[in-house]
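Worksheet: the structure to be examined is printed underneath.
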């Protein structure tokens, strides 16, 4: 039993790890080529930083002890041996839980990066997620998943993180966007995805990893995780169909970007709810999420905030749909106005807290070291500005080809000279 | 025990899920750039549609009850709670089986898309797989895997789906191709892969997921699934070597596309057989599959049907090789003419049924809403025609770059103007 | 228990399988476009060849019997049934171990390919890894992991393969590089990565698969594998941060390539050590590996050997860091000068053996069939020379587009004519 | 000498190449281009935002020719490139002062 | 007739197109290019090796024009393309012997 | 003024650039191109189908020059681009009516 749980959780953790690169590709394919690497790096840096914070104090703040249902303590800071040695034996349940939850803590800040695409300083972003994880994510994770967390105690259903992850990230993204402002050229210039197959690749890896995320959240391979897995697939499929149908009617085409976006919307919506509904309920949640999010992404043009890659439209809206709908669709007699009220309270609390604190953190950074890239950096592309790289070089020129016999022609701009090793 | 099984099957299901995007990339990289997104979408849409059908009636038709060994009933339609609640407890075995099998039902229709690359209406394709899953896949899955299925009862060995999945899809693809006809320019114009690394990525994801497909089909982590896993790797490796060797001798080069194709051929051939042969047998099956399929893909040029991405040459031929060879190579005294006869009967039945019905379904669609894209859509590229998108934009122009300082030059054709949000 | 182990090991094996394609993309994105497919194929061919050798004699040499702690016997050659049938039952533990270890045997030779990028004959490479696996890898695997292996008996800590895999491959690569020589234009021409998102994709798949590699090496889901999983993530994250910090200080930019490289360096360093240190130790190992490897990759320019993609700088150096540091950081009272001495002895032995034998093997090949590509093949690109393919074709021209209405413009060089099927 | 430049539809490149070859011209230089003109572009949709793309892919072919051949060559190219639909492109002819074959340094007609 | 070629910064293409349209010119051919000149390039870093890239992306626009319009058109293009910073590019004008519309075979001014 | 166009092998671009710089020319515009000529292409194989690719990658360099420098410049380019093997390319020179520097509006030689 124990062994099967550990196998399940460790592998699920690896699958959730893969979601962050998946997200990087999902977002990275959607931006213009000149800032594609920056977009990828905004996710990858989270894999670096949060792994350190987690050991230093993150796990402890989220899951060790409790202060008024709001936050944990620092007993487990530094992850000392005594928290994971039980009678001299390694505590596999705790250790596997720790690595599993670490992956959630990595993914959540990375989710916000889509809203800030193409226009923030990389070092400032790194600082932002460091602070955000500390004062937003670790506490909220405590509220929702720790045994003494106030939302947990209230009986809010958030199986795998609709509030703690998606509403949290969506609201945080909105807060940061309001500080950082719009991309130069927003609403005027087209800013189309530079690589749609890469977007689909990201969506595919996310979808795959999400089985670890959703089913793994049960921490045991049992009936609940099986139901969750089935519902995850059903809701996601339904959301793909829902988004595409809406798009076909409204814009005359079934877009690839729509299919990918629909999948994510469905995955988001089923995250809090999937363990507590039956498959027909999952299908309904998926379709509603697909249609609603596909409508919601156009809000930014109307309301004028530049949530570049629609973190609000997909994660906040999708998270709300799942969190609220489960209030009515929950099985085992839990559905009803009361549960709905709890769900709404949980959603609103996290939303408000995350939005406000994220806004303030972003403001703090903007006022001190600056959050927004300079105009020249932004228009010239963040890849060169912060990473001193360009994404692609399909060129032949300057590559020493004597025969020059390759069928792929040569973008000669990549005429580079080495000066220093 | 139970817990370990569920862990194994749920994770295997996630791995098999990933095979459909893997297939999308495998196929998507092989087509010309102008229809690459369409190719990807032909697979992704299956993830959407079949997930819905499965809950609505697919699972029920395949695995609930029985009518004469031919098809199930509709008792489980809509996936009502009473089929998965046992004494008020969630039945993890059933639920995990349901999600695992769902992934097979998604993959199989998607396999056929390679044969129809670059020339069918997207909405018609969506309808085709809806009908095909209903009248071909669900019944055939019943024949092969349901306890009362007539092929199962006969004693046909089809461990993970050589007949139900690969022969079925291969024959169905051939039927549809005969209705839809050849691509404009077939045999005249070169239609080379636009992105070979993407093809390899697809092959890699397929290979990975196939461990879930093959070993997972045992539904339990035991000696059989372990043997299956080992044989899967051995046969696939052997087929890569076989295909490459054939190519080197016949065409003077070890091609990347050949390596990827060989891998799929090996995976297909070991699918029905891998649990019933020893590793040397697996190696033999793999080599034969690699060589035979690498020869079979040139048949289309000789016979004149345009199976664009060689679904027949790889899946039908590979499936036949595995299904038939296990008749002679099966261990535990099962090998022999009798078993071979059963294998042949199973293969031929599925092949004939799938071919005929697929042909008729395709004809029905062609005669009603039309299956084939218009000439203009086809030559202009299906991406624009149905998806209003283009796959890549590596351009700098029009992206508001003040300094224009990126090393990657600018395909200026992507000079786009936003008109409406 | 048994079942959970098998589930864990079989799925881990699949994850490790995916590392070889991951490596292919990691390396493939780093080379120039004209040899990108060749780079991919150098890894993929290992999936083919080593799978065959493993069944034929590799498994047997590594894990069946023993001769003086140096090598196994040929009892298990051909993988006969009697080694995996126990009382007529399939021995799942042995079979899953065999497929798991096979994946290590595939990955290790592939690792060396990065050092030889862009300049060796493909067939000679295939021969090289065949010989290398036989006389280097199988014996060394025996030394380190077989119960009678001399390093195992000595008490060297090498949990998941720091010496057997990374030091081994790193030293072997160096030996081969000295024979093969530098790329034409080394140090003169820039040879920048042609596709950095592909590099990140490779790194992501490697990272994911490495959980199978590291945690799976415990062969059971327990406290140790959980700790290993946690430490894997922590060390890798730390190495990403370490590498980026070093780069920012030294070169003024946080590069994408640095993030990817740092991840691999961290993964390498934690491989031998992760089960025997606590998370703070893992963090330290990661940071040291990130900084040290990021410094080590510039050595090749100073010392003048052309380890093209830094197999020495990342795998040899990273492997040494992990192997040596665990000597001091090991928990449970194992740390100390004595253990450090053992670690050093293990590392040096493998390094010396692999370096010398690899050098001789490469020399043998160079003197007989030739290892190095001709100048024309090298400058014209190995993709055309050995694979008769080009990686990408984003062109519209010649693809029969009547309307020519695609936004992506047409690299017309891909003007191809079909002559023969 | 003359330099004939033809901006044509990408899928006519093959025909043009064959026509030139039939005429006895065995060299040309090809560049990718995009054209803006009477031929309308198309619409793309990304998450509900619709964009109009008004540049269409073209191929730009350059042929160095002797003065005497120029007029005939123009006709050959125009004929081979024509589909009769809007967007078929333009051909123009420029006077050339001098032309050199890099390999040999030959000048004028010998450079072709 | 004249052929006006303008090598400009990529992000000025839109302005140039609009200015031309306002002037009454409804056709042009665009090619990607890279320019080398006073404008400095940038540095890239790959595993600690620093490279200087000294070609910067440009767009190359070709406009066939009647003799009478040529001078004015040059001014229109120059004005629309100008940012005032180094690297704004060059415009040059060549004499054209003849021009043909492929679709119809019309020659000279009618070909535009 | 003159416009010198050189179609050369991609890997000679560096040499040409350096030779021009040594000569005192500090600007040029570069475009990717493919060439069709005496130099044969190569064969590609995809699932057993063999294709002949007969266009080879070239680089197209344009240099605006004063009349007086043109002839010498041509020689400089030809020399720098030469490998002596088939496919080295062509250089041609066109008369220019006028040239403008976009940034300043300077015309003629001052525009360079």
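What to note about this one:
As written, the chain order gives the labels A, B, C, D, E and F, with residue 1 at the start of each chain.
The definition used in the following text is that a contact is a pair of C-beta atoms (placed from the backbone, for glycine too) under 8 Å apart; a residue touches a chain by one contact, two chains touch by 3 or more.
Quantities reported herein were computed from a predicted structural model and do not represent experimental measurements.
Copies chain D and chain F of the same sequence differ by a rotation of 120 degrees once their CA atoms are superposed, given in steps of 5. Of the two chain pairs examined here, B-F and A-E, the one linked by more C-beta pairs in contact is A-E. Distance between chain A and chain B, defined via averaged C-alpha coordinates, is recorded as 30 Å. Taking the mean of the C-alpha atoms as each chain's centre, chain C and chain D sit 49 Å apart.
For the pair chain E and chain F, the distance between C-alpha centroids works out to 18 Å.
Under the contact definition stated at the top, the residues of chain E that touch 2 or more other chains are 11, 17, 30-34, 36, 42, 44-46, 48-51, 53, 55-58, 83, 87, 94-95. Along chain B, residues 3-5, 7, 11, 15, 190, 192-193, 195, 201, 251-253, 255, 257, 298, 301, 379, 384, 388-394, 396, 398-402, 404-409, 411-418, 421 each make contact with two or more other chains.
Across the interface of their complex, chain D is touched by residues 190, 192-193, 247, 250-253, 255, 257-258, 261, 294, 297-298, 301, 310, 409 of chain A.
By the touch rule above, chain C contacts chain A in their complex via residues 1, 3-5, 7-8, 11-12, 15, 32-34, 184-185, 187-197, 200-201, 203-204, 207-208, 211-212, 215, 220-227, 229-230, 233-234, 236-238, 240-241, 244, 251-257, 259-260, 262-263, 278-280, 283, 298, 301-302, 331, 375-376, 379-381, 383-384, 390-394, 411-414, 416.
Per the touch definition, chain D reaches chain A in the complex via residues 32, 44-51. Taken together, the chain C residues at the contact with chain B in this complex read 3-7, 9-11, 13-15, 17-18, 21-22, 24-25, 28, 36-37, 40-41, 44-45, 47-52, 54-55, 78-81, 84, 89-96, 98-99, 102-103, 122-123, 195, 198, 201, 205, 386-396, 398-409, 414, 416-418, 421. Put simply, chain E touches chain F in their complex at residues 2, 6-8, 31-38, 55, 58, 60, 70, 74, 78, 81-95.
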